[in-house]
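The next part holds the structures, each set out as structure tokens.
What follows is a pair of complexes built around chain A, which joins chain B in one and chain C in the other.
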Partner chain A sequence: MLTGIDYFVVISYLIGMLLLGLYFRKFVHSSTDFFLGGRMLPFWAIGMSIVVSDIGAIDFVGIAGQSYRYGISVGNFDWIGSVPAMLLAAFIFIPCFWKSRLYTIPEYLGRRYNDGVRTIASLTWIVFFAFDLGIIFWASAVLLKSLMGWPHWVSIIATATVVGLYTFCGGLTAVIMTDVVQMIIMFVGGGAVVFLGFFKVGGWSGLVEKISAMGPAYQDHFNLILPVDTKTPFPWTGILFGLTFVMANAYMIGNQAIVQRCFSAKNEWHAKASMIFAAFLKMLIPILVLFPGLIAIVLHPQLEDGDQALPTLISTLLPPGLGGLMFAAFLAGLMSSIDSVLNSTATLWTKDIYEKFIRKGASDKHYLMVGRVATIVLLTIGVITSPVSDLFPGIYVAVQTFLSFFQGPIFSILLLGIFWRRTTQWGGLAGLVGGMMSSGLMYWFKESLFTIEDPFLYVSWWSFVAGFSITIVVSLFTRSHPVSRLYGLVYRLKQPQAEGTA
Partner chain B sequence: MKTILNFEWLKWISDDAAKNIFLVLFVLIGILVWLLPKDYIYEGLENPRWWHNLKLWATGVLAMIFVTYLIF
Partner chain C sequence: MDEQNELADKGRTENRMGQINRALGLFICFFSAVVLVSIFLTETFVGKMTNLVAGLIFAVIGIIMVVKSKAKS
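After this line comes the complex of A and B, so read on.
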């Protein structure tokens, strides 16, 4: 339980974040300001925002829980499951997107393929984000109940109120600038748990020694590469094919909540640099989210649920004051994830659905208002659907399960769309729909198809292969767009300069 | 079918060899980064300085991940 000084730290943090977020309301005059921060933001703020948006409550609780169960192999998600994809995004996809002055990734798909692809992709992301919000809220509720004894619904509604207010008022600028502060708090708070934990277990060598002495069940806890026949969800083949080649790329290149930040960069160099800077920060994240799980193995080896590892450490390890700081760090991760999802979903709804199908040609003020209303509606849906995640045994795996349904197919058409000019609109549509159907079938028959505990990495890979193959085959039998329509949408395909111009 | 879907056909590759595959991947990415045209790296800047060279940034990050996978 938190003490008086802890409550003071937490409440100060919440009020500070709320005031900081509301301050940026004065910079929001148009829909571009609300959705893209006026396209004026520097690389360092965007980079920090990308990382902190990606590392939320789910990671603090879920990855610590996974590392408690499976060891450091879960670190693959932040290392090889991020860095190569972020470099590909930085050097190939982001420049292309930024030059096209996009608001959303489905908007690119619409220009490259057709409105059908755009709408399916956008609706899928909107539905996913709505569920994701529920999962994020539930993760926070689990921790808050463990730490403070708050009923689940009290913590969910309290968090939703604070984040909803500043996201509603300040748009993407408020989201990114609060993320900068939240990342610093996350590093300080999370670092405190790791530092004190290491001190208690005798440093890194003490940790390795004690866990290794706990028997054969822990023999792979310090291996990043696990064999093909491991019973964990992380065999090296799944990490390489499913995570590195598909899920990571799909997440860093096709995820609206991540890439939208890069659209707000003040120029192309800042857009590229933001993603590489984020990759550097990502390398440090496992120290905060993974090591607590390992420390908990030594200090609390009898936990029934791995997701209780971090809450238990916080309640037993941290002195008054630091407990509040860690709690603020957890809230920082939670709030940064929620505000990102809210703003991105509002952008998807307003630009890809509302402006396209419901009301074309309205004033900019109208679309600004629609974006704000969408923020509140989504927040409400997220709160109502939050208990769904309680049906899944591991919170983090639950998110990956949702993601793997459509990440592979969407990445397959993004990849072919940007590198192969022969890809056609019907190829893209068939690849997206066919790939998603293959995901659904694989999950439906997963007991008879797969041997590992949770095959989301394999499903990602094979649904990518399905989407990729279908897109190529259908493209070869259908007519492609004229080259003039593909300028700026295919890598290094530039409009030839007219004669007589410099 | 199950053998293909679960990559059991790659069981013959040892864990050490698998680790080398990961390490080679990082080196390959580094090579591809350095093959990018110089003007493409600086696009958007009016007065580029040496520290604006994003190839250097990428190399630093790749070095960190290479060492991490080499150790674990």
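After this line comes the complex of A and C, so read on.
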């Protein structure tokens, strides 16, 4: 358990983060400041923020838990499942989005296809983020119960109160800049956990030797690639097709919470560089998240829940002071995930739904107020829905299962929209709806279709294939937008310069 | 005129980033101090060394941010 100095660090850290969030209020004068940080942020801060928002504490806790249960195969999510997609985003998609001066990804879909596609995509993300919030709240409760013995509901309400204030005031600037602090502390603290863990188990060879001696249940723990018939959720086919081809790209290119950060860059160079810098940092993540899970198998083999592996290691391995700071950073990492989701959802709601359908042409101050009110409403929904995640065996699987419902279809229409000029608005609409329906059907018949327990990787792949095929077929039979409407929305389709201009 | 506006915008952005860097740098320095002080409350040698290294890393990062912020503003 935590010592006196650790409690001091945790409380100071939380108060400090709150004060920082409040301090950043002075930079929020318009809706652009609130939703996009005034479009003035540098690449290094955005890059760090992308990594923290992506991994956050939910992944630190969740991936360490999966590593405790299934071994290093979960590391695929941060290497092959992220880096290639981030580079693709940096060089192809981000420049195109950035030049269009977008606020949201559905806004791109609306311009490329029609308002129906924009609204469906936006509402889907809003619903997902609302449930995701609940999952993150539950993760924070697991962490707090493990370390401080607080009941779940006390933890959830305490977290919601602090994060609500902080996001309401500071907007995206506060979200990104507090992420910078969190990333620095998470890397230093995570590095210390790994170093001390290895010291205790006798280094890498000691770790391998001890886990291998624990019996056949652990025979696959050091295999990065698992066979098709594995009982884990990570067969190689799912990793390659579902994760690498679909989920990773969909997440890094089509996820509002990630891409919105790049929209806040001060110019196109910074927008691209932020994603490349984030890809570099992402390559280091598996070292910080996988090894603690494996070390916990040796040091704490009797844990009831794998998600308790990392919190248990923090409380038993780290010295006083750093232990408290690491715990506070994880807690704040959860808060960072919450405020990222809150800010992105408020942006989606305000720009894609409210401004489009409820009140057009209102003042900028009005939309700023709507964004802030949306933040509070979403926070309340997240608190109420948080117990749902307890129905799933691991927090990480719960998030991936939610995502697999719609990420494949959204990515398929983004991909075709940007690379194939012939894609039509009706093709995009049919592909999106048809792909999402195929996901629902696959989960409905999952017992007879799949042999593994959590087939989210396969569902992602096949729903992508369904969305992609339907979009192509319908596009071939319907009329596309005139070329003049597609300038800036399709890759390498540039408006011809008028005669006499340079 | 456009050039003047652009320069003014650039100046405002630099100034804002300077203020942000200073706030973050001071915040990180504060935690560096806490981690360094907690060396005296740590019993094991490995624990003391871990806190020392971590505290120094935080201190270096925090000081760099504060110094950079002064250069910008």
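Note that in this section the second predicted complex is superposed on the first by the 501 of 502 C-alpha atoms of A that agree within 3 Å, B and C clash if a C-alpha of one lies under 4 Å from a C-alpha of the other, contacts with A are read in each partner's own complex, and residues count from 1 in each chain.
Basically, a contact is a pair of C-beta atoms (placed from the backbone, for glycine too) under 8 Å apart; a residue touches a chain by one contact, two chains touch by 3 or more.
All figures in this text were calculated on a predicted structure; none of them were measured in a lab.
Novice: State whether chain B and chain C clash or fit side by side on chain A once the two structures are superposed.
Specialist: fit
Novice: First (chain B), second (chain C), both or neither: which does A:Trp44 touch?
Specialist: neither
Novice: After superposing on the shared chain, does chain C or chain B touch more chain A residues?
Specialist: Of the two chains, more chain A residues are contacted by B.
Novice: May I ask you to decide whether A:Trp269 touches chain B, chain C, both, or neither, giving the answer as first, second, both or neither?
Specialist: In the superposed model, A:Trp269 contacts chain B only, not chain C.
Novice: Look at A:Phe195 in the shared chain and tell me whether it touches chain B only, chain C only, both, or neither; answer first, second, both or neither.
Specialist: The answer is second: A:Phe195 touches chain C but not chain B.
Novice: Using the superposition on chain A described above, determine whether A:Met177 touches chain B (first), chain C (second), both, or neither.
Specialist: second
Novice: Kindly classify A:Tyr458 by the partners it touches after superposition: chain B alone (first), chain C alone (second), both, or neither?
Specialist: In the superposed model, A:Tyr458 contacts chain B only, not chain C.
Novice: Going by the contact rule set out at the top, does A:Tyr443 touch chain B (first), chain C (second), both, or neither?
Specialist: neither
Novice: Just to be sure I read the superposition right, which of the two partners does A:Met283 touch: chain B = first, chain C = second, or both, or neither?
Specialist: first
Novice: To make sure I follow: the centres are taken over C-alpha atoms, the vertex is chain A, the ends are chain B and chain C. What is that angle to the nearest 10 degrees?
Specialist: Taking the centre of chain A as apex, the angle works out to 90 degrees.
Novice: After lining up the shared chain so the two structures overlap, which partner does A:Tyr218 touch, if you call chain B first and chain C second: first, second, both or neither?
Specialist: After superposing on A, A:Tyr218 lies clear of both chain B and chain C.
Novice: For the overlay built on chain A, what is the smallest gap between any CA atom of chain B and any CA atom of chain C, in Å?
Specialist: Minimum C-alpha separation, chain B to chain C, in the superposed model is 14 Å.
Novice: Which chain A residues lie in the overlap of the chain B contact set and the chain C contact set?
Specialist: No residue sits in both footprints.
Novice: Report the residues of chain A in contact with chain B in the complex, numbered from low to high.
Specialist: Answer in residue numbers: 72, 79-80, 83-84, 87, 90-91, 95, 222-229, 235-238, 240-241, 244, 267-273, 276-277, 279-280, 283, 448-452, 455, 458, 462.
Novice: Spell out the residues on chain B that touch chain A in their complex, using ranges where they run on.
Specialist: Of all residues in chain B, those touching chain A are 1-2, 5-8, 10-11, 13, 15, 18-19, 21-22, 25-26, 29, 33, 36, 40-45, 52, 54, 57-58, 60-62, 64-65, 68-69, 72.
Novice: Under the stated contact criterion, what part of chain C meets chain A in this complex?
Specialist: 13, 16-17, 20, 23-24, 27-28, 30-31, 34-35, 37-39, 41-42, 44, 46-48, 50-51, 54, 57-58, 61
Novice: Of all residues in chain A, which touch chain C in the complex?
Specialist: Residues 3, 5, 8-9, 12-13, 16, 20, 23-24, 27, 38, 40, 42, 173, 177, 180-181, 184-185, 188-189, 192, 195-196, 199, 266, 318-322, 325.
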